[in-house]
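In the two complexes below, chain A is the common chain; its partner is chain B in one and chain C in the other.
Our next item is the complex of A and B:
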């Protein structure tokens, strides 16, 4: 006779089977390396940006637009924006891997990546708008 | 999922107080986690007032004194009492360590003793390490070589090759490191944990082993290996003074090296 108070056992899989699980996902190196490489690249880019912000302190709107239209500044700004949001996405994925388990894991990652992608795209479009609008003096005066 | 609060049946209550004998002058309080599977009660913390003049210098001496002379129901693992078997690994004053190597005088105030964190508890200070042992088994912690050893001697290693294993062969598998690691707490079902990864690197680094590539293949996983966030609790807590974080870092370096 089975004991009615005895809890129903749902997992009898061996510990070794659980430890081996589904084997190795053959991934992780790329993510790990991209996280570090983008972090290192962001150090000089962020430093450059801070210096530029101080240099532009008190500048008028046309002056800032002129600064933003220079190809070097546009390149640096785009690098900064794209790498920042790329790195953000890599880092947030780690947090989701750590703290969100089960069925919520995949949708949480997709939602996060969608939001970060849109924010990054918004930043990119803003830099491009500054860059392209700055080349047309007439519009600046009108705007 | 991360558990920020203990489940209802795990919240720890107040336990009994075992007062020291009258006349004891050098008394220290040991507050010890108690839980038994035999009743449906929640865990409690019992307080034992111990006369330090009557016992040896280590925390394990106090535990053995309690079991022999005060409360024989207290359950814990111990064997060698000299830091080589790893049985008496537990959380003492907030730090995972071996009771036999932890001097009582190093701890100020009351001494809180709990089982290794975030493992199922079998009873009192005895954690269930079956999962951790199975993870160790899963990395094949033995020499794998297709070249036959010389018929008349052992497999040879240079002095330099042998030196590569220093800092790893000393691991006694007490799992103080793995159970101190937040990544292991949150993802212990897939993350192998520092103890097992140290063992894995011990065989990757062994010049006599011929399966480093297979071993790296088996570890190349977002959680098995890369759930390590270099928190470094493992290295800080290791009662043998080893550096599992460094071994994990080496595995990550090798994973990158073989990609380029």
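Our next item is the complex of A and C:
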């Protein structure tokens, strides 16, 4: 249809709207999909966790440690913790985008990401410690 | 000008002086609908569920630390006030779960007409309340049974 030699408009967007910095930021679709994908993954993980809560309700610390030392439980708990806080970060970012305007927007998002990252890392380290400390203690007791 | 979007609100009167153009009407002009409450409740539940999950890390970290720390957490989970907090966390998680499923259904192109959304709203409330009550009662029951068995 269009002659490639003839100058023509390839971007359906006015130069004024570009200068104002409005319109697509290009990262929205990836964010949207990440939120959906993590939500879908959290559906079976949450179901698994509810079953574990029933198994562990009223349990003592040694019982929880024994539970946490099983590789399957460690894998599921790590997936649950990482995806929960990843999904949290995505959701809170949308809330910040909606309600925090102007100069405060960037620092608010970075602060939130920092806090959620540390919380997720804390959960990950706790699950790993439960898993690895439990198995070594078992070995010492056996030997 | 705080926000770049404010640029679009600057208009000119016929005499050439600048003015701030009015915003389109917001929440106060609409009649209350269940769907508008359920929408903002999903966002609030997400924040509450995240806050509860942050507190929930105390449980797994205490278990990793040892019996002493774990007994401290058990004091909170055994206290009626702590149990109310846990029930609130469960409510937030269950509602965010239910509303999230609805969002995934809408994203797939189903149940997205006005009539269907108005039909599904009360169902979502019923499922949330029912599931939360069943979960809280079930978990509390199992915990009480188990601690009684240990005591005897």
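Here is the rule we go by: the second predicted complex is superposed on the first by the 113 of 143 C-alpha atoms of A that agree within 3 Å, B and C clash if a C-alpha of one lies under 4 Å from a C-alpha of the other, contacts with A are read in each partner's own complex, and residues count from 1 in each chain.
Following the convention adopted for this analysis, a contact is a pair of C-beta atoms (placed from the backbone, for glycine too) under 8 Å apart; a residue touches a chain by one contact, two chains touch by 3 or more.
The structure displayed is predicted, hence computed values, not measured ones.
Within the superposed three-chain model, A:119 lies in touch with chain C and out of touch with chain B [touch as defined at top].
In the superposition on chain A, A:86 contacts neither chain B nor chain C.
When the two complexes are overlaid on their common chain A, residue A:102 makes contact with chain B and with chain C alike.
Of the two partners chain B and chain C, more residues of chain A are touched by C. When the two complexes are overlaid on their common chain A, residue A:15 makes contact with chain B while staying clear of chain C. By the touch criterion stated above, A:127 is placed in contact with chain C alone, chain B being left untouched.
When the two structures are aligned on the shared chain, A:33 is found in touch with chain B, with no touch to chain C. Residues 20-21, 101-102 of chain A are contacted both by chain B in one complex and by chain C in the other.
Listing the residues of chain A that touch chain C in their complex gives 20-22, 36, 39-40, 43, 46, 50, 53-54, 57-62, 64-65, 68, 77, 81, 84-85, 88, 91-92, 95, 101-102, 116, 119, 122-123, 126-127, 129-130, 133.
Per the touch definition, chain B reaches chain A in the complex via residues 1-2, 130-131, 133-135, 137-138, 183, 186-187, 189-190, 217-227, 229, 252, 255-256, 259. The touching residues of chain A, counted against chain B in their complex, run 14-16, 18-21, 23-29, 31-33, 94, 97-102. Contact residues on chain C toward chain A in their complex (touch as defined above): 2-5, 7-8, 43, 46-47, 50, 53-54, 57, 60-64, 66-67, 70-71, 93, 97, 100-101, 103-104, 107, 135, 138-140, 142-147, 150.
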